[in-house]
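Written below as structure tokens is the structure these notes are about.
The letters A, B, C and D name the chains in turn, as written, and every chain counts its residues from 1.
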Amino acid sequence: MTQPQGFFYPRSATGQASLLPAPPWFYAGDLLTIEFRTDPARVAELLPAPLTLAPEDPGAVALIWADWQSCGGTKAELLDPVRAQYKECFAVVRCAFEGRVYSRCIYIWVDKDFALLRGIHQGYPKKFGSIHMTRPHPFAPAPQVAAGGSFGATLAANDRRLAETVITLTEPAERNGFVNGHPMAHHRWLPAIDGKGDVHAELIESGGAKFEGAQPWRARIDHFKLFDSPTEELTRLEVRELIGAYYRQIGVVWNGGKSLVPAIGR
Amino acid sequence: MTQPQGFFYPRSATGQASLLPAPPWFYAGDLLTIEFRTDPARVAELLPAPLTLAPEDPGAVALIWADWQSCGGTKAELLDPVRAQYKECFAVVRCAFEGRVYSRCIYIWVDKDFALLRGIHQGYPKKFGSIHMTRPHPFAPAPQVAAGGSFGATLAANDRRLAETVITLTEPAERNGFVNGHPMAHHRWLPAIDGKGDVHAELIESGGAKFEGAQPWRARIDHFKLFDSPTEELTRLEVRELIGAYYRQIGVVWNGGKSLVPAIGR
Amino acid sequence: MTQPQGFFYPRSATGQASLLPAPPWFYAGDLLTIEFRTDPARVAELLPAPLTLAPEDPGAVALIWADWQSCGGTKAELLDPVRAQYKECFAVVRCAFEGRVYSRCIYIWVDKDFALLRGIHQGYPKKFGSIHMTRPHPFAPAPQVAAGGSFGATLAANDRRLAETVITLTEPAERNGFVNGHPMAHHRWLPAIDGKGDVHAELIESGGAKFEGAQPWRARIDHFKLFDSPTEELTRLEVRELIGAYYRQIGVVWNGGKSLVPAIGR
Amino acid sequence: MTQPQGFFYPRSATGQASLLPAPPWFYAGDLLTIEFRTDPARVAELLPAPLTLAPEDPGAVALIWADWQSCGGTKAELLDPVRAQYKECFAVVRCAFEGRVYSRCIYIWVDKDFALLRGIHQGYPKKFGSIHMTRPHPFAPAPQVAAGGSFGATLAANDRRLAETVITLTEPAERNGFVNGHPMAHHRWLPAIDGKGDVHAELIESGGAKFEGAQPWRARIDHFKLFDSPTEELTRLEVRELIGAYYRQIGVVWNGGKSLVPAIGR
């Protein structure tokens, strides 16, 4: 008997209906990053054991907006772009595990279903949001990725604005910030169907299998605000000090990862 | 060290940010059901082992549109209705396991993130779609749930229409169809992070913990059409014979299920 | 030579492409109304000459949420419900013209294009918004239109929440508030293409050609809040005193109106 | 008495609530153009008197997808990009008036309210649609505006796909097609509130007040399809012969126009 085909839901006769092709997944897009310091206790409370705070600058947080086009190996989604384009905004902290520093996404909002389901696979805690970013373009009134270019970015969910920023590029930078620069350490959880804890809880590591990037740019932060919401805890990450802002265009391939702690559940 | 709180993603300091409260989950809504027969081979190809075709009428399929308001135990979502209201359209078949007949959702489209993540927990293979249903209302030009009331329902995904129907209620019925009337047998899958098969594959059973329903109505099928799409296989369920149509208003509580085959993966 | 057909844009060979059929237009839906008093000067500043403040209770404002199904004479939209269903939230004040009291919509947000274009015809100053309302339903956890039923309603535009309320029905009422109870006095404006003022500016009167309504309900206001936004002036209507809240299900036919001041422009 | 402020709806105390600032309006974006020939009779039936068919190549049609960022004079919308970004797809033909050739938009779908209301001012017959276009980007898997770059574009409305194309850039071109290259001749209509014809019907001319453009590219048409819909007449423009495809990045300023026939109504 032939089994239904497909990398993830839904599995079907031919696999055509599957929301996700099997990795590798290919991405091209723009990243707008704000880095700031919060109380390290606010980071610690988001790290499940066995993860601990990063030894240096443990209160550093990156809030990153991304405007992506992505696809599987056939690249078919790119030419039916409703299936390729999505935007996301995500908060990243650093943590330590067995003496190594990792990045970890603690909150993330996306605007397409395929991105949300990829998150279940990758351990990104995805919800839906409405994300907007000014886009660079060769002609005015749009900005260019160059000194003086101003970019706005906003995040909303459930019809409430959650975060907004405006930055102005100032000079080339050596890197695109430091908080999101490590391999990701994420939990893949599946609550038990009988409601008693998790039936699967796995700590995994993943990162880009291939990476290209344009010159990163440093930016002045003209405006940055987080808003309260009954459905979020973003404002618990109180901004004690702004670190910096960055803008970069990149291309990435993601092709899976590995288990760090294969079975820590139930 | 306190662990992050929350039933499912994201887990956070207080649990407020979690997309889902822990079950039980409460639902009130309307169901518009079309039942038809397809080639049983088309159903069989969607059933992973150890599931087999139902012994009687194995090619029966139900395509069901639902317009829901749902919430957790605090009912807070009901009064911030962007968080409570969603619509879905789902295809159900029957199958057999260890001598018992189950219903099984093979495709489902929803329009909110909380509904999609609930699907990951419950084994519903959820994608996003755009779903619309005529709503009953006391005044013309809207229909009432009564003889002569006409209701339309449509489904689209990725900017393509996938299914549409128009029905007219004719008489009270004993039940709301038969295909979706059994406990659900679903697979909960999690692909391995290294890409080698599934790290979790569990067959679970679930059903309503509590159920209320108004009088079901039988309906004439004025129009019913499935459309091809490069992202779907719905039209493989070729309509050989229409069985009937139904409309019913219901209230349901869902409170988890149990494992039928706890570990059939990798 | 045959002229293109259609009541309004676009006009085409057969009229099938027209966004709007010619009136009459038929509506069935639910209204959730909050009435409050603001500074009458805040109302006066929204009334163009020759309109003046209503002689009694001139600072009264109604903010009304409505969940509609609407259609033209063929009723075809009802059965392709993506074309029939829309929600709106609108602010209404009263004004006087030639000794008569009129209602006047000063702000309105809708979520469908056909509703926006109807507004251009009717003089409603429509923008897009995201509007949600708890819906009555026979089964828990949804409320019923009965004492104790609680309903929430929210409005957002441009990813910012603008207004929200929660009400609980207390008792039958004689009427559904008083602010929106008069014929509407609206301006139909068309700015000149050369940028010099308006090429058309007409004061019109319109109202329902036919009306049916269920028992209105009075409600307790559990929560009511207006929010600032850079794109709105709703919070200029500062809430000095809450008057009351109402809920009613209605059916309406709209079939045009008449000019009060046919040409007051340029 | 001070009059309410604002270029168009809604007019308010300060003008902040107005959906549109007064022109000039500034745009930067990408255009993907498909030109084809249809039966000239299909064009003629869309031209109200006194417009007539263009003397040369009267059956030429352009279907153009555009991905815009736009703003008013303060440029504030650019940095709150939910208010600046929109996409559209529009069909253009040519026509003649008093011995001069004009372009004329016969159908257009946009995805934001401010774009729809601008259309009422400019005489564009705007409806809402869902529009997607592959975007150029420096990194794979995205295409670049260069030989070999492949771009897809799709249009849907009311949950039905209406048009889709895939093109591959082949070589620099002298111009970006010819159908949309003339001043626009549009009708500004306002139906009478009593339902008897139009109370305003004006033929206007407008065009860009300032224009910048990158090198236009010619493209191979890999795929182009129009779909039937009960709400559209796009497929009446039967494709007899494909003329060509183009891609260009541009910057435009729009600052009003002039009346050609100020009063041809009722």
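Criterion: contacts are C-beta pairs under 8 Å (C-beta built on N, C-alpha and C of every residue); 3 or more make two chains touch, one makes a residue touch a chain.
Because the structure is a prediction, the values reported are computed rather than measured.
S.K.: Identify the chains in contact with chain C as well as chain D, in label order.
M.R.: In this structure, the chains that contact chain D and also chain C are A, B.
S.K.: Compared with chain B, which chain's mean CA position is the farthest off?
M.R.: Relative to chain B, the chain whose C-alpha centre sits farthest away is D.
S.K.: Indicate whether more than half of the residue numbers at the chain B-chain C interface occur in both copies; give same if so and different if not.
M.R.: Same, since most residue numbers here occur in both copies.
S.K.: Report which interface contains more C-beta contacts, comparing B-D against A-B.
M.R.: A-B
S.K.: So how far apart, in whole Å, are chain B and chain C when each is placed at the average of its C-alpha atoms?
M.R.: Each chain reduced to its C-alpha mean, chain B and chain C end up 35 Å apart.
S.K.: What is the distance in Å between the mean C-alpha positions of chain B and chain D?
M.R.: It comes to 40 Å between the two C-alpha centres.
S.K.: With centres defined as the mean C-alpha position, give me the chain A-chain B separation in Å.
M.R.: Chain A and chain B have C-alpha centres separated by 30 Å.
S.K.: Counting only residues that touch at least two other chains, what does the list for chain D look like?
M.R.: 80, 82, 130, 132, 154, 159
S.K.: Touching residues of chain A toward chain C in the complex: what are they?
M.R.: For this pair, the touching residues of chain A are 130, 132, 154, 156, 159-161.
S.K.: Any idea which chain A residues touch chain B in the complex?
M.R.: Touching chain B: residues 1-4, 7-14, 16-17, 19, 22-23, 42, 44-49, 76, 80, 82-83, 106-108, 112-113, 116-117, 119-122, 125-128, 158-159, 187-191, 193-195, 199-200, 202, 204, 206, 230-234, 236, 255-259, 262 of chain A.
S.K.: Which stretch or stretches of chain A touch chain D in the complex?
M.R.: 26-30, 69-71, 75, 78-82, 84-85, 130, 132-135, 137-143, 150-154, 164, 166, 212-214, 249-251
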